[in-house]
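Two complexes are shown next, each including subunit A; its partner changes from subunit B in the first to subunit C in the second.
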Partner chain A sequence: MIGRTFLLRHPSVMVFIALLALFTVGATVLSEGFGIGLISTSFVKTLGKTLCLCLIAIAMDLVWGYCGILSLGHFAFFGLGGYMIGMWLMYERTKSIVVEQLDAAPLPPTPEEVREAIGSQIFGVVGGSDIPAIWMFADSLIIQLALVVLVPGLLALVFGWLAFRSRVTGVYLSILTQAMTLALSLYLFQNDSGLRGNNGLSGLQNIPGAERISQDIVSIWFLWASALALGAGYLFAAWMVSGKFGNVVRGIRDDEARVRFLGYNVEAYKLVVFTVTAVIAGIAGALYYPQAGIINPAEIAPIASIYLAVWVAIGGRGRLYGAVIGAALVSLVSTWFTSGQAPDIPLGFYTIEWVDWWLVLLGFGFVLVTLFAPQGLGGLVDALVRNRQTVAVPPAAAVKPVEKASEAT
Partner chain B sequence: MSSLLEVAGVSVTFDGFRAINDLSFEIGAAELRAIIGPNGAGKTTFMDIVTGKTRPDEGRVDYGEPPRSLLRMSESEIARAGIGRKFQRPTVFEQQSVRDNLMMALRNDRAPFGVMFWRAGEADVDKVGELAEEIGLADELDRMAGELAHGQKQWLEIGMLLAQDPKLLLVDEPAAGMTLGEREHTTDLLKRAAETRAVVVVEHDMEFVRRLECKVTVLHEGSVLAEGSLDHVTANQDVIDVYLGR
Partner chain C sequence: MVRLFVVFAIACLGAIGTAHAQTGPIQAVLQDNRADIERASRRTVQPVLDAIIATGGERVPLFLERWRDRVVYQRDADGLFFLVEDEDADPMRLIDIDTGAIVGDVPEDEMSRLRPNSGVRGVIATALVQFQLSDPDPLRRAAGLTAIERDPEASHLTALRASIDGEADPALLARKTRLERLLTATFGADEAARVTAIESFAGDIAVDVRATLNPLLSTRMRAAETLPEDANIARVLEPGDDIAVDTAYDMLVDADLAPALVDDDARDAALIANIDNDTVAGSAVATLNTNAARDAAYAALAEAGTVPPAVTPDERAAAVADHVFFETYKEPSQAVTDAARQTLGAIESRVGAYRVVDLGLDGLSLASIYFLAAIGLAITFGVMGVINMAHGEFIMIGAYTGFVVQQLVPNYTASIAIALPLAFAIAFLAGVALERLVIRHLMHRPLETLLATFGISIALQQLAKNIFGTQARPLTAPGWLNGSWVINDVAAISYIRIAIFILAVIFFVLLWFILNRTRLGLEVRAVTQNSRMAASMGINPDRVNMLTFGLGSGIAGIAGVAIGLYAQVTSELGASYIVQSFMTVVVGGVGNIWGTLAGAGMIGSLQKIIEWFNPANTLAAQTYMIIFIIIFIQFRPKGIFALKGRAAGD
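This part shows the complex of A and B:
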């Protein structure tokens, strides 16, 4: 599917994969689990989570930067992916604890007793002890993994089908996606949603069957898995937009009526892009939350999806590495400011506390990028590469038609 | 003569204003036809109806052999059935190369997954080369369409139409903003295209229409005022009054 010629034609993809591999090896060498212990396990987790955010940023770039659909609901798919894997993690972990406790009793426990004990362990906090029907497959890793893909995918398919079929576009579509993620988060906040209301799912960092293995090691596993997913996602996205499919999708962004009159079913294309990116978001979420350790409905509040759009805008939409740069930079800086690591600035009459003022700074940065680098930070990278090429390449070679990098729209 | 497109008794109202009023129109399978008429006569709206962009309030639009109604088909279905359209303002994909513009228009599988796995074969590359030659853009294949001169964009759009290999071509004011030389080239292109398919050209410029040497339909206030050779319609008193006399 992705051949050697594809990589040769798209050097930026190879550069990205190489940098990602370098980063992963570097982080491993510096880690506590496998290396010299220069970076803490919690920072390894931050890095791993950042890779997942880069992956959902790629999805956002595909749907918005390439296809022109400003979805402000993709974090709903991210959260659903997290919930689906979280159900298995929490269920199996609780089960092993429960079985251990019951084994101490004189009589071996019946399966009903085990189920009841799991139910009251997990759902006691929302005043229940019955295991809801949606947890039917929670003991099967295979099925929950399938649901990581299927649940976001199906929601996107149905939502997209309804929205695109009625030709909802532009700001109306953005509002509709906000409504979707808001509705989902409000629903999950309810105690009887079956997913523990505002408590969400917790203890997700403990991997069933690997309880004895230290988090120093597990964090590195997840870092690798996240890097692998990001690399595969990047390759897939680059492949998808490199051929005629990418041209049609960019055509839809620039002039969808014209694409229609060429005989392409614009709604079908939008639906494919919307659904595929929802699935990518779900996978990213399924890798993120085991590293975060906890997921609750606040994670899919409407604002989360708006931040996602801001990352991609700052990074530069319509170029995949732009999305990655934006997501990595803004989310890491945001962690630094909001976790209280940034020193507060005392002004005498007032103290700037970054936990509150970070958003102002982000908004300011967003305005600056919009004004002075409308192509985003990725656009600056483009300009840099172009400059060096015009200096380095002798004129005779420059005249020859060079294979154009189709990411560089 | 059996007709390729038959429009009968079609009317369209925009907010109470009748833009098309009981319009009837027919064209054969390999025919060149010019439509003229003052601004606001409904020429563009007529194309909107045939291509599915605007739905008429009443009337029939039948196309093909055996005739099928276009009124229930979507824009993309109509395009796939063989009706190509050139817009009044040149609309090409400015951020893509001339080659990519033509490739996208080339008659091939249009379904999303088919397109995702599609890669240009030798036949496709040759076809694009031929088309580029025909529209005079053979040296510009790697340029961004947005960098082309106005007239070149018009040709690129005509090239994209030809790439679709349509049975019916609707061309809205192709010569607008072109120099004399460019106009002649455009006339040749259209005449050649009409040898194997039906071509409808909307145009303001009388000299351009004269060079097309074809039957002319005069539109006025949404219906047909006169039809026939250019000399015939320009001699018609009604036509002189509403259009030429101004």
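This part shows the complex of A and C:
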């Protein structure tokens, strides 16, 4: 469906794919699992997680930068994707442990015994031993993988349909999506939600059936899977915004009423973008949490979704590479600052410890970016490209990039 | 003479040691039960206490008090017990327990102290009650009554009745007669008197009445072949409807009316016990990996007579069908349980009514908090179309202002009086600064304003954390705000919540006045409706924006002080109210203080109602409420009070 002409017309996509491939191969060569061991396995995991964050940033850019819907709920879809795959990982892993234990008993275990033992293993921590109904398909990888796509997709579809048909737009919609996220995280925080309350799901880094394979190697698998997903997601997003569909979506962002008067079904377009990006977010989450190893409802809290918007804003909305740059840069820098690796600054009377001051810096820095560089870091890239073009192309053609910049506001 | 006889009788009953004719009666009892006193335990001390009280000596209460207070000593030389004049003195001056006479001085190291444990001291305290009830000191009589109220016993009834006649204090007399009726209801010997006592509480919703009547109606589930004639039956249980068949059969097993089921564990244990050369009753162990296979193997074992046969489901159903299941009252008298049930029924419906009142008060106070927290947001959103994510941090600024003022001004009343205007001023200035420096430059870009103010929000929150630390800081209310306005045992509201309600009313009236009766209000309303048109009429929207933003932020500061008074002040204080504030604005409608009032009222009472249905789970209450709001928006996208000419989000 994505033809050669598409790639030729969008050289930036090819550049991105090439850079991503270079990065992935480079990380593999430097890794402990397959390469010379220059970077640690935990850093490989951080890189893999960052790729997943870039993927959800692309989803956020599609829905916000291109369609103008500031969703503060996409991290909820991300978390749901993680929960869906986490259920399978945890169930199967617990099952293999339980079966091993029960094999020592004098009688071979019945299916009921195995189920009960799994139940008390997983849910003992929230004071139960029954396996809730939502874990019905937890033993089937295929179904749980389908749920990774279906659950966020359906939630987005229902919520989006309700919200868009009543013409809720702008900040109202942002607040509503935030409310949805809050409701979901509060629900998951309950012990009887069936997903282990605030304990969340853990031990997700152990892949059932691959227990003997070291994490050094598993981390590389996930790095490649994440890179593949990011590449595919980037390609898909670029294809989606390039054609007529993309033009309509951009039109909705810039003036919804005009697009409606032109006869387009604005609500349907918005719903498609909202749902598709929710699915992408779910897939990103399903790849992220096996690398993180643990998921709990705090990950879904509204603030996470706002941070996502901040990454995209810093990276530059309305340009896919901007979202990727923003997510990668801010999340990696944030890890660097908050993990205490950044050098503290002694001022004599007071020492600035970045663990405490990073959020202050990020907050005010973000305000400055919004005020003085509304195009984000991606805008800088554009400015560089434009400078080269103004030298190379005749003045008549130089009008076009200016238009491009103004439509992103 | 009588006393001597009693002592003699007890000495004989006790049958320990010899009677100490030369010592007083209490000492004699103590000596007879020396072992029980030296190592007193909660269970064994009661007969000794009864014996001591039975001596009837005037100094019995004094001795018991000293014993309870751990200041009774035993002389090591002869094992006699003594009181002492001053327990810190050495040598100790001993006082005879029975006469109060000074016996002599003995060095401290020749004396051992009695150290009754807390259980024993509780028993002693209960025994002391009857003396306290007739004590000349009204405070001690009151203490005695409190002790009975806390832990009523049948033995108190006589003492209580005896003490009523001599009671001079009218308040205590009322307490005593009320307590007498409560005790009569439970412990009275005469059925008619108990019924009268129970019925006298009709309509009384006090907690102690319900605590007295409810145990009278406690029931026990039983199973029998036929309904017993003599039992006080509460209701007959139908297996399958009222109780599960499994439970019914378990009751039969417990009552030895049916053979025990062989449950899975017992079955598996029997199978394991009969493993012979990797087979059980002919089937290989490896095949026993389903319940059906295990049942079959067990049946084969039973066939061979190795194990008792399992009860089949048919047998189980037949056994259950052959028996009756019913609940009986633990209280044998039917007249008493009937009276208790009727009285309690009437009481419960009144309690229900007052619960609704209480719920209303709770909802109202929550609504006032939401109103205070959201009104500033509503004004700025209405006038400028801007969502200020840092609004919660202005609430936090107000709360911390209150905290700092309280560190500087130790008088709580004065500090609150200073903190309220100061919090307004500081939050006002912070709001104006935010408007001037950031929001003005992002005009007509509402989504970016939202994110920029979010940046401010995380920065301010972290700043507060860096300055004040992560631990919660207390904001103490002045003494006259402590306590509650208690309507009765069911409905009550704390004074702080009343104060917050009054504060909300004041600000509602004030804002209504400003918006409807002043020049600024006129300009604000004009800018709210159409900013450009207002500008062309000579209004300076820039100035209006700045002032409304400051005003909204200032009120948030006031709300911070109010919230801080009953919640702990942390850097997350504002963030925890921000979503509710948004909801209030969204539900109420934009740019209209009536809308905010309606939104706050609706969300506050709704949250309390949902919590009431599901009291154990406030998280669920919030979840359901948010879902409700999302659905509500479907029907009124512009809120309860929609402003004409503006779509949601414009």
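Methods note: the second predicted complex is superposed on the first by the 387 of 409 C-alpha atoms of A that agree within 3 Å, B and C clash if a C-alpha of one lies under 4 Å from a C-alpha of the other, contacts with A are read in each partner's own complex, and residues count from 1 in each chain.
The rule we apply is simple: a residue touches a chain if its C-beta (ideal position, glycine included) is under 8 Å from a C-beta of that chain, and two chains touch if they have at least 3 such contacts.
Here the structure is a predicted model, which is why all the values come from computation and not from measurement.
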Which of subunit B and subunit C A:Phe236 touches, first, second, both or neither: neither
Partner chain in contact with A:Ala268 - subunit B first, subunit C second, else both or neither: first
Of subunit C and subunit B, partner touching more subunit A residues: C
First (subunit B), second (subunit C), both or neither touched by A:Pro302: second
Contacts of A:Phe43 with subunit B and subunit C, given as first, second, both or neither: neither
Touching partner for A:Asn247 - first (subunit B), second (subunit C), both, neither: first
Partner chain in contact with A:Asp255 - subunit B first, subunit C second, else both or neither: first
Contacts on subunit A seen with subunit B and repeated with subunit C across the two complexes: 409
Residues on subunit A engaged by subunit B in the complex (per definition of touch): 240, 243-245, 247-248, 250-251, 254-255, 257-258, 260-266, 268-269, 272, 401, 404, 409
Subunit A to subunit C touching residues, read off their complex: 64, 68, 70, 106-112, 159, 162-163, 165-176, 178-180, 182-183, 186-187, 189-190, 302, 306, 309-310, 313, 356-357, 359-360, 362-367, 370-371, 374, 409
Residues of subunit B that touch subunit A when the two form their complex: 51, 53, 74-76, 79-80, 84-85, 87, 91, 93-97, 100, 103-105, 110-113, 115-116, 118-120, 142, 160, 164
Contact footprint of subunit A on subunit C as seen in their complex: 268, 271-272, 275, 285-286, 288-291, 294, 381, 385-387, 389, 438, 441-442, 445-448, 450-452, 454-463, 465-466, 579, 582-583, 586, 617, 619-620, 622-623, 626-627, 629-631, 633-634, 637, 647-650
